[in-house]
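Presented sequentially are two complexes of chain A, the first with chain B as partner and the second with chain C.
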Partner chain A sequence: MAIKADVQLDVKGLTCPMPIVKTKKAMNDLTDGQILEVQATDKGSKADLAAWAESIGHLYIGIIEEDDVLLHYIRKSGDSEVVEKKFEQTITNEEVIDRASNGGFILDVREEAEFTFGHIEGAKSIPLGELEERLDELDKEQEIYVICRTGKRSDLAAQKLSQKGFTKVYNVLPGMGSWNSELSKEL
Partner chain B sequence: MSNKVAIIASNGGLFDAYKVFNIATAAAATEKEVAIFFTFEGLNLIHKQANQALPIPEGKEHFTEGFAKANVPSIPQLVEMAQDLGVKFIGCQMTMDVMGLTKEDFIDGIEVGGAVTFLEFAKDASPTLTF
Partner chain C sequence: MAISKMTAAQVARKAIENHELFILDVRNKDAFEDWKIEGHKFEYLNIPYFELLDGVEGILPKLPKDKDVLVVCAKEGSSIMVAEMISEVGRNVYYLEGGMKSWSMYLEPIKVSDLTGGGELYQFVRLGKGCLSYMVISEGEATIIDAVRFTEVFTNLAKEKNVQIKHVFDTHLHADHISGGRHIAEETGATYYLPPEDAEEVVFNYTPLEDGLTVSNGASKIEIGALYSPGHTIGSTSFIVDRKYLLTGDILFIDSIGRPDLAGLAEDWVGDLRETLYRRYRELAEDLIVLPAHFMTIDELNEDGTVAKGLGDLFAENHGLNIESEEEFCHTVTDNLPPQPNAYQQIRQVNMGKVTPNNDEQTEMEIGPNRCAVR
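On to the complex of A and B.
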C-alpha cells in the first residue's frame, strides 16, 4: 500500500555512502515534522538509514520492501521538539485503553505514515495538519484521548479542539514513543 | 559524545581511497566534523593527476568490473562530495617536501600542515581511524 510522504527521494541503483549523503541533502529542504520517503536498492541502507536517523535525531518510522526496492520513511525532527505542554487535561498511556473501552475515543494526530507503522487498536488517524478541516468526524459528546509520539502535537491538537468547543478532551502522556502494549499495523 | 571524526590516510591504492572517502562522507552526512590527514602514499588520493587513476592491488584487477556493476562513484566524485559536505583535507607538509610536491600539485581547497595540525584536531575526536 502507498504511504503518504511529503517528499520522495530516489536513490535506486546507488551504493554506500550515496543513499546517506543524498538523504542528508534532501532532509535539509524539509520542514520539521515532514516525512521523507527514500527509495533505495542498496541493501546496506536497511541498517544504515535507521542508524543515520538515530544519530541525527530524526524519527525513523519504518521500512517497506516492494519487489527489489526498499522504501524508508523518516520524519524530520528539529530542536523545536522540546516545548512545554500547555493543555491541562491529561491522562497516562496506562489509563487510555480502559477509558477508551468505556466509550471513549482515541485520536492519533501523528502523520499517516507513523500511524501505519503502528498504532493503538481502534484509534482513529487524523494528522494534526488536517484536524481543523476534519472536525466534523469527531463527536463533542464523546471523551477524546489525543495521542502523538511525544505529547507535543497532541497538546496542540487538544488545545485546538478545546477552542472549537470540545470539552471532553485529554492529552495522552507520554505518548506512542513510550507505548509498551500491543500495536496494530496496516501494512 | 564527540562530534569529530579524524582520519589518517597513509596508503595510495584505489581500495584505500574508497575506505577513506566512504567513511569520511558518511560521517560528514551524519553531521560530524571530519578531517583527513594525507601522508606518504596517502597523498595520492588528493593528487590532481594520481587520484584519477589509482592502482588496484595486483591480482585484484577483476574488481574493476564489480565497481562498475555496483555503480560505485569514482574517487574524484567522492572527493568533491566530501569537500561539499565540509570534510577538511590536510596534506602532510613533511611528506610533500620529501616527494618534491607543492600545494599546486593537489586538488583545490586543501590545507597543508604538520603532524601537530592533525593532532590538534584529533585530540577530542572519536573515532580516529587510520587507513
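On to the complex of A and C.
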C-alpha cells in the first residue's frame, strides 16, 4: 500500500554513503513535521538511515520492502524545541484504553505514515494538518482522546477542537512515543 | 596528503604479526559492536560516517600521527569518502579495500606442519569470520576438510603444489558459513563426504562419512581417520590426520566448546556433546594437536598465525572440558548461549543444496562473527 509522504527521494542504485548524503541534503529542504520517503536499493541503508535519523533528531518512522526497493519514511523533527502544552484537560497513556472502551474514541493526529507503522487498535487517524477540514467526521457528544507522538501536535489539535465547540476533549500524555502496549500495523 | 588503499591481506599480516594499526571504523555503532577487525595491537575509534558528513575536524585530535590510520566501512564507499576528507586536511590515511565485506572473505593459508613422507598440512585462516579450513598435501594428492566457499583459494594452492584433490570432507553441516566442499568436489572430480546424520535433507549426492572411515593421501598413505563425535550437530565427525592431528570441527575449540543448538534443540544434543568431550576424546592420545574449525578471538592464534594446541593442554585449560558435574555442564551449554550466527537457518538451507543464492546474497548471509561456540 502507498504511504503518504510529502517528498520522495530516489536513491535507487546508489551505494553507501550516497543514500545518506542525498537524504541529508533533501531533508534540509523539508519543513518541520514533513515526511520524506527515501527509495533505496542499498541494503546497508537499512540500519544506517535509522541510526543517522536518530543522531540528528529526526523521527525514523519505518521501512517497507517492496520487491528489491526499500522505502524508508522519515519525519523531519521539530519536536526538540520545548513548547509549553496549553490544553488543560489531559489523560495518561495508561488511562486512555479503559476510557476509550467506555464510549469515547482515540484520535491519532500524527501523519498517516506514522499511523500506518503502528497505532492503538481502533484509533482514528486524522493528521493535524487535515483536522480543520475533517471536523464533520467527529461527534461532539463523544469523548475524544487526542494523541500524537509527544503530546505536542495533540495539544494543538485539542485546542483547535475546543475552539470549534468540542468540549469532551482530552490530550493524551506522554503519547505514542512512550506507548508500551500492543500496536496494530496496516502494512 | 595521500590516501592509499590497504588490502584485507595486508591487514591480515598486521594482525598475525602483531603490528600496530589505528582503525577508524565508520560503520554504525551496532555493526561495530557486533563485529570488527581484531588485532592485538590494533586501536579503534568508531564514528559512523554519517556523523562526519559536515567535516572531520572534530576527530582529528583523536587520530594518531605516528601510526597508520585505516578507515573501515562495510563495503568501502564511505571509508573512501571519510579518508578523502581526512587527507584534504593534511593527513596520510588508508582505507580498507572492499571494506568489511572483503575482510569477511579473506583467507590466509598457513602451513601448520610437515607430515610423514614429505607431506604438508595447511590451515586456511579466515580472520574476519573465524573459520578454519584444512588441506593435506602429499605426493600429488590433496584432501580438504571444512572448505569455505571461496573454492579458488583451495584449487589455486592445489595447482601451485601440483596436486590432485581426491577427498573433500565436511565435519558437519555448517550453520555459520557456506561450505565450498561440494563445489570443489564437482570441479575436481574428488569425492565429497558428509556425515549422513546431518545430511537427511540434502538434495545432492554425497558419500557417507561414517565412524571409522579411513582414507589415505598420497603414496606415503597419510592416514585420515574419521571419529564420530556428535554434539554440535548429530552427525559431527572429527578426523585424526597422520596420527598426530585431531581435527575437531565445531565440537572443541581452543578456548571454548561447540554449541549444541544451531540445528535443533540444545537439550537434545547436550548429552552427545558431553559424551564426545568427556569420554570419546578422553580415550585419545593427549599429545594429539587439536585443529578446530573455528576460533572466536584473536587470542586463540599462535605466534605464526595458526590455531592449534595440544589436546592435553586443552584438557588442562579449556573450561568446557573441566566441568565435573553433568548437570552444571548442561546449564553451561544451554543457559548462556550467545546470539545465533547471522542467517544461520538460511545458511543451512544453502549447505543442503535447497537454495542457491547468488554471490552477493551469500556474502550478505555470512556477514558477522561465526558464533559457533559456548564458553
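Convention: the second predicted complex is superposed on the first by the 184 of 187 C-alpha atoms of A that agree within 3 Å, B and C clash if a C-alpha of one lies under 4 Å from a C-alpha of the other, contacts with A are read in each partner's own complex, and residues count from 1 in each chain.
The rule we apply is simple: contacts are C-beta pairs under 8 Å (C-beta built on N, C-alpha and C of every residue); 3 or more make two chains touch, one makes a residue touch a chain.
Not measured: the values here are computed from a predicted model.
After superposition onto chain A, the modelled positions of chain B and chain C overlap sterically.
In the superposed pair of complexes, A:E111 makes contact with neither chain B nor chain C.
Residue contacts after overlaying the shared chain place A:K24 against chain B and chain C alike.
Legend: residue contacts after superposition of the two complexes on their common chain; A:D155 is shown touching neither chain B nor chain C.
By the touch criterion defined above, A:G44 reaches chain C but does not reach chain B. Legend: residue contacts after superposition of the two complexes on their common chain; A:G13 is shown touching chain B, with no touch to chain C.
In the superposed three-chain arrangement, chain B is struck by just one stretch of chain C from 3-11, 129-137 or 291-299, namely 3-11. For the contact definition in use here, the residues of chain A common to its chain B contact set and its chain C contact set are 15-18, 20-21, 24, 48, 52, 55.
Those residues of chain A whose C-beta lies close enough to touch chain B in the complex are 13-18, 20-21, 23-24, 48, 52, 55-56. The touching residues of chain C, counted against chain A in their complex, run 28-31, 48-51, 53, 73-75, 77-78, 81, 364.
Per the touch definition, chain A reaches chain C in the complex via residues 15-18, 20-21, 24, 43-44, 47-48, 51-52, 55.
Against chain A, the residues of chain B that register as touching in their complex are 22, 25-26, 29-31, 70-73, 81, 85.
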